[in-house]
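Multiple structures are listed underneath, in structure tokens.
Shared between the two complexes below is chain A, which has chain B as its partner in the first and chain C in the second.
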Partner chain A sequence: MRLDRRQFDLAALTVLCGVLLHATHFPLWLSVAMTGAIAARWLQRRRRPDWGKPPALLRLPLTLALPIIVWLQYGNIFGLDPGSVFAVGMLVLKLGETETPRDARAIATFASFVLMTALLFEQDILTTIYVGLGVIPLLLLLRALEPDGRDPAQPAARALLREARSVLLNLLAAVPLAVLVFLFLPRLTAPLWATQSVPQGKTGIGDSMSPGNMSDLFLDDQPAFRVSFVALAPPPAAQRYWRGVVLWRYDGRTWSRAGGGPLDPGRQELRALGPEVVYEITQEPSRQRWLFALDLPTMDAVGYSRDEDFTLAAARPIDKPLRYALRSAPRYALGGLDVQQRRRALRLPEGFNPRTVALGREWAQQYGDPQRVVQAALDLIRENFRYTLSPPPLGRHAMDDFLFETRAGYCEYFASAFAVLMRAAGIPTRVVIGYQGGYWNETGEYMVVRQSDAHAWNEVWFDDRGWVRVDPTAAVSPDRIEIGSAANAAFNRWYGSEWLLALRNHWDIANRLWTQIVVQFDELSQRGLLRSVGIEQADWRELGIAFALGMGVLAALGLWWAVRRAHDDADRVDRAYARLCNRLGRYGFARAPSEGPADYLRRLLQQRPQAREALEPLFARYLQLRYARNDVADAAAREFARAVRRADLGALHGS
Partner chain B sequence: MSAAAALNAAWLRLQAWAEQRLPALTRLRAKEPLPIRLDRRRIYVVPTWFGLVFASMLLIMSVGALNYYNNPALLLTAVLGSVSVLSMLIAFRTLDGVSLERVQAGSCHAGDPLPLELGFAASPRRRNGLRVEIGDVEAVLAALPGEPLRATLALPTQRRGPLAVPRICLWTRWPYGLFRAWSWLNPQIEALVYPRAETEAVPLPQSGREAQRSVVQPLGEDFGALREYRARDPLRSIAWKASARHDRLLVREPENLIGEDYVLDFDALPALDLEARIARLTRWVLMAEERRARYTLLLPGQRFGPDIGSAHRQRCLRALALL
Partner chain C sequence: MTAITPDSPLVLPSELRTRLDRAVAQVNSVVLGKAGQVNHAFVSLIAGGHLLIEDLPGVGKTTLAHALAATLDLSFQRVQFTSDLLPSDIIGVSIFERDGQRFEFHPGPLFAQLVLADEINRATPKTQSALLEAMAEQQVTVDGRTHALPAPFFVVATQNPLDLAGTYPLPDSQLDRFMLRISLDYPSREAERELLTSTNRQELIATLAACMNAADIQALRQFVGNVVASPALIDYLQALIGATRSHADVRIGLSPRAGLALLAAARAQALLHGRGYVLPEDVQAVFVPVTAHRLTLGGGGQRDRVAVARELLAGVAVR
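And then the complex of A and B:
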């Protein structure tokens, strides 16, 4: 048996969905090539169905080429990325030789796997919705493979619509069981095989900084993390510095992290100068190890390390949403700088940026007081520099070029130049990268910090005040700090409008809920499932019982639905008439068992002539439905039932 | 290929064994009176091979999703699994409440397909992909709510005589082909296969023992020679002009067309063996009917006619079939 056109079209559509869902992380040419292959095969099947499947001479080289392509692209055939190319490629090749229902079923089976693997790359709400949509052609294909016995002459579009409706209803009806299984399926305590983190995709702030490497982030509107504040209202805009990584080492171009030791609590010289802020951060996957905290965290995030420079880090790159609670002091005094740290905070590479270094030394001699040196630098920047997201390129002596030639850049440039100047002047300085700003979502009462809020600033050591945050960017572009990244994002003006902003807020709330409820659901959340019935921490036995109970209820519902016999429409008429008699009985006019409808009506009208208007049409319709016709149209029966329900029988009250 | 054939044979043997040993399961033993209404006690549901393969894929997917701690993937797998379970209920519902009310076998000669008409009662449920299978013959049905359902299957025949119609299997894999729901029906079916007619047209015997000549009546528009149309009257016997005048279909009685009587005598054909004799007599009966001539069929111990018409022909063919 060969597939007919409709069946083959659906098979091709199913495969196409698989390719499109993976296109975001495939190389572009590969997605185009696969789509092209599907289109070619589809055209051939439509125009020249008599050719059958392409000859083995064509299929075999393609099949052999697939692993080679994967190897050339990734240098490996194992792992998530190569594996997904392999799987999708196989699916496309299978479409090439698909001619029978058996082939089409193989496609449907394998396509479900391919759909699932798309979720291993992104698990946000949008991807999940797309994958859900991809299930529809798959189920339609399976339906099309079963002969349905209907008239084949009906229009294809209408048949497709009707089938799609059935599939959607099926999916809807499947939700309760799916949710139950999802909630109660035991989660693994340790993975069965090692899972690599996803190598590609969007990354957040890294562990180094060189001029230009943040510019991608500024264009990225994705949320980096969301913050809900427990005790206090959100801090004012000027205090929204989200500390990420502290960079010490400079090689003339790149700032990077030098291995400082973990924080020694005994030597910690942090004093909060005001009330502390208690909050919880839900961080999106960043493929980096760094956690973020409001400057400056006074406690550890449980389970994560805190370095001596207050950099918080996870043991492994964060490849799924992460949630942690923190406490911070927006106003603080931070002391403690040992000899080694001082040396690291002053080191400059030899043979780079001679003019900058010279200027720094000159200032040191001229002003002496570090405070005044800092002020001089900020004044210089404020008066002569321009803030831009597309600065001119810099040469080997990058900071020289920036300070004396181009004089235009963004936070990275300012932080880097400022640090070089200060170190040259003998003032210990380090660079901090993280985020600055945050958008307060009124509706959801939380703050969202986007990748475009990425920022770099400095910390300067004063012997009398300790480490002090200095943000040279604020000197040149105060708006950047006060308003947030939107101030420098002219291309983002479109969402200035109110309702778009509201839409954005709601969408962000949906994303957040999705992350909190679905993506982050784990064994711990599972144990809390029975909290509403008073079990704080359910063990596996209680969970098992609850699961069995839920399954029992659903099974009973399903079986009741399967076994119950629908009343046919004649019954509906009788039931409606019985209800009418019942209602009349309540006024004292119960129908005698031997009384037919016509006699009954006559008796009613003799005693209550004023009810003629209400009763006559009802009885006429009943007689019509019951005795005039053999078959009762569904709609007519419903209409009668409705009329009985709505009939106003007030006229039957005694006169 | 031979392995597949052997496997198939083994499967058939297993089925035969199951039918003998597990009548409760297969419900084969006794013929059942009509109407036969399917209910949950006699509908069986089992996953298909494809269903098992699909289930294994879902298992692989769920292990993968659990391993990657990927909840959306797990949710997708759970939805697909849940749709599969639901499809089992839908398959059951497709059969549940189907009521076979009527089985009517047509007539045919051995070697031709026997039309068997099955009539199902109307039900308020919409059903798709309902398959009726008798032996190797299958029909796919779709039922609309409130409409009676009819299926005509053409059963292959080989020998004359009463046809043992195999049990009827009502089954479905609707909607996704993951589960097969089925039920066996074993109604009492009267089906008689007439003998095969001889292919060679041997002329009708001209002078039998009881050959008679009868008067050929002229063809006229005589009203008395007309009768009401009955189902299965050949179209060519309809008197169109008279029908038009009387506003209903009238058929000219074949008596008007009689030329001579034939006597078709079983014992007059000693040269042939039994089946050949029967085949020739069958052919003669058909030829005589075609010529619209009265004929008498003489079989050992039986005598039909002289007469003409479909009732007479049926009587004769029936006797020949059962000989």
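And then the complex of A and C:
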């Protein structure tokens, strides 16, 4: 048996959904090629159905080519990205040879797996909704493959509507089951497989900085993390510096974490002056270890390490949303800088940026006082430089080119040049990368920091004040600091209207709740939930029992429903008649339980002859439906029910 | 009945319909004020069952039977049951024929299409059994030879109430052979007055012309089988049967055969009223005459079977 046109269309749509769901992380050309393959096959099936499936001579090379393409693209056929391309590609190829219901079933089965794998890449609400929507054509396909129930004479649109209705009903019926599984299926403390073993294209702040590598982030509107404040109000816009990684080592091009050896924690003494900010951060997966904190974190976040330069790091890369509480001192006193640290904060690579180094040395002699040197550098930047997200390229002596030639760039350029200048002038300086800014969500009372808020700045050591934050970018582009990121500036321009802002706020809240309640639901949350309903120590056995009980109840309900449905149409007549009797009862003509319908009508008409017109057709139809035939037609039953609902029984009032 | 006449899957040919209606009317014109009982007599006739009329002497049992016989163009025999009546007196005997040098079967009065068995409980159980067996099997066997009874074969039996002297009460198992048992009761005041003032009933019957013949009855019996009993109706029927089996005063409830008889009677009732399908009212109309004589009540109470049957009927809801 061959698939008819509609069945094949649904199969093609199912495959297309699989491709579209994965398109976000596929190379563009692959998505286009796959969509094209689907379209070509669809057109061929429509225009030249007599051709059947392509010959093996064409199918075999294509099948063999797929792993080769994946290998060429990724250099590997294992791992998440190559694996997904491979799976989706197989699905598309399967459509190529799909001719029979059996093929279509294979498509539906495998497509459900392919759809599910999209959740390995993203787990936010939208992706979940997309995956949910992608399931619909799949179920429609399965429904269309059912041998029964379809009247070939019925117009396709009506048939589709009817099938869609039953599919949606089925999906709806599956929701309790899904909730049950979500709540009670024993959770693993650690994931069974690392979903993000391969570095993703989309990452947060890295652990190094070279000119240009942040520019992607500026365009990325995704939230990096969200902050809710427990004690003290959120800091003013100009003070929202979220420290990420402190970079010490410079090799002429790239700033990286440290030159020699690991950094010992606890070498730098920190004392808070005045009240501390207490806040909680929910960080999106970043595939990096770094956590973010305001200046300067006084307390270790539980389970995470704090280095001497107050860089906070998790033990493993953060590959799922992470929540942690922190405490920071906006005003603080630091212990002294030891020799080794001072040396590291002054080191410059040999043979790079000679003009910059010369300028720094000149300033050191000219001003002497480090504070005045800093001021001179900021003045220089303020007067002669331009902030741009698309700076001209730089040569080998990057900082020389930047300071004396191009004089245009963004935070990375400024932070880097400033640090080189200061170090040349003998002032210990380091680079800090993190986020600057944050958007306060009034409705949800929390702050969103987006990837586009990524920023780089410096910390300069003054012997009397300790490490002091200096942001050279602020000198050239104060707006960047006051308003927030460039993206935020653009955002203010083009969708600044109130309601859009509110919409955005609410959407962000929804995302946050989704992350906190659904994505982060792990063994701990599960225990917490069960404890709140009185199950103290929920081990897998109790979970299993709860799960089995729930399944049993659901199965019983489902069975009951199915059985009930079988009698539904007969019952519908019954219920409608009961309703009619009820209504008549309200006029004082209750039916005796053992009174048959004809007797009942006779009694009614004896007492209220004027109701003949209203009652006779109803009763006639009821007798016809219930007693005059062995089966009840669905439509007639509905019609009777409707007639009973609409019947005007006013004539039954006493005359 | 009511004005409800929805399209019926089954329609009697109009001539047959007319003849049936005229027959019913004619019997009613003789047996005054007993429309229900006349109706039941016709139910029994159409459903292919036999009728037992039980009442005091002189209330019109025999008149009803005679009126039926006169209205239906059937061969008619009347047998007056007495305590010395022998089985061979009703079935017939084999007599040695001198001419043919062999035994020849001489059919008894049972070989008629309509048999009136008057005062059936005056005969001995042996004779009663012979009659009831013939009724059940539609045939008699004499000297090893089987003789089919004519078709249609319709027995109307009358009996006096059991507490009268000189009777042999029919055992329950044999009462079961009668599809319906009815009683006539005293006539109403108006009916009795007319009875007293108008012509003698016997003379009236003699003037009647037959309205229906054997073929009509056979045709009606064919149609009865096609009357629709919907699943809902069967539900109701089963509920009724079930109730007889669980009622406190009933020792033995209805048998499956009684259930079949009830359904057949209800179908005939529906057909009689021009409907191609059975309503709960049809079942209710025939329930008491079909079931009362089949119920075996518990020993303790001195209850009337008819009252129990009515109680059963009222206790089962029509859904």
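Following the convention adopted for this analysis, the second predicted complex is superposed on the first by the 501 of 655 C-alpha atoms of A that agree within 3 Å, B and C clash if a C-alpha of one lies under 4 Å from a C-alpha of the other, contacts with A are read in each partner's own complex, and residues count from 1 in each chain.
Following the convention adopted for this analysis, contacts are C-beta pairs under 8 Å (C-beta built on N, C-alpha and C of every residue); 3 or more make two chains touch, one makes a residue touch a chain.
Since this is a predicted model, take the numbers as computed values, not measurements.
More residues of chain A are touched by B (comparison of chain B with chain C).
In the overlay built on the shared chain, the residue A:Val175 is in contact with chain B alone; chain C does not reach it.
Contacts of A:Ala314 after superposition: neither chain B nor chain C is touched.
When both complexes are overlaid on chain A, the residue A:Trp561 reaches chain B alone and has no touch with chain C.
In the superposition on chain A, A:Ala641 makes contact with neither chain B nor chain C.
In the superposition on chain A, contact is made by A:Pro597 with chain C only, not with chain B.
By the document's definition of touching, of the two partners only chain C reaches A:Ala628; chain B does not. Interface residues of chain A, counted against chain C in their complex, comprise 570, 574, 592-599, 601-602, 605, 616, 619-621, 623-624, 626-630. Chain C meets chain A in the complex at residues 1-4, 6-9, 228, 230-233, 276-281, 284, 313-319. Contacts from chain B toward chain A in the complex involve residues 40, 50, 53-54, 57-58, 60-83, 85-87, 89-90, 92-93, 96-97, 123-125, 128-131, 139-142, 145-146, 173-178.
Interface residues of chain A, counted against chain B in their complex, comprise 105, 108-110, 112-113, 115-117, 119-120, 123, 127-128, 131-132, 135, 139, 142-143, 145-151, 166, 170-171, 173-179, 181-182, 185, 187-188, 191-193, 195, 320, 518-522, 558-559, 561-563, 565-569, 631, 634.
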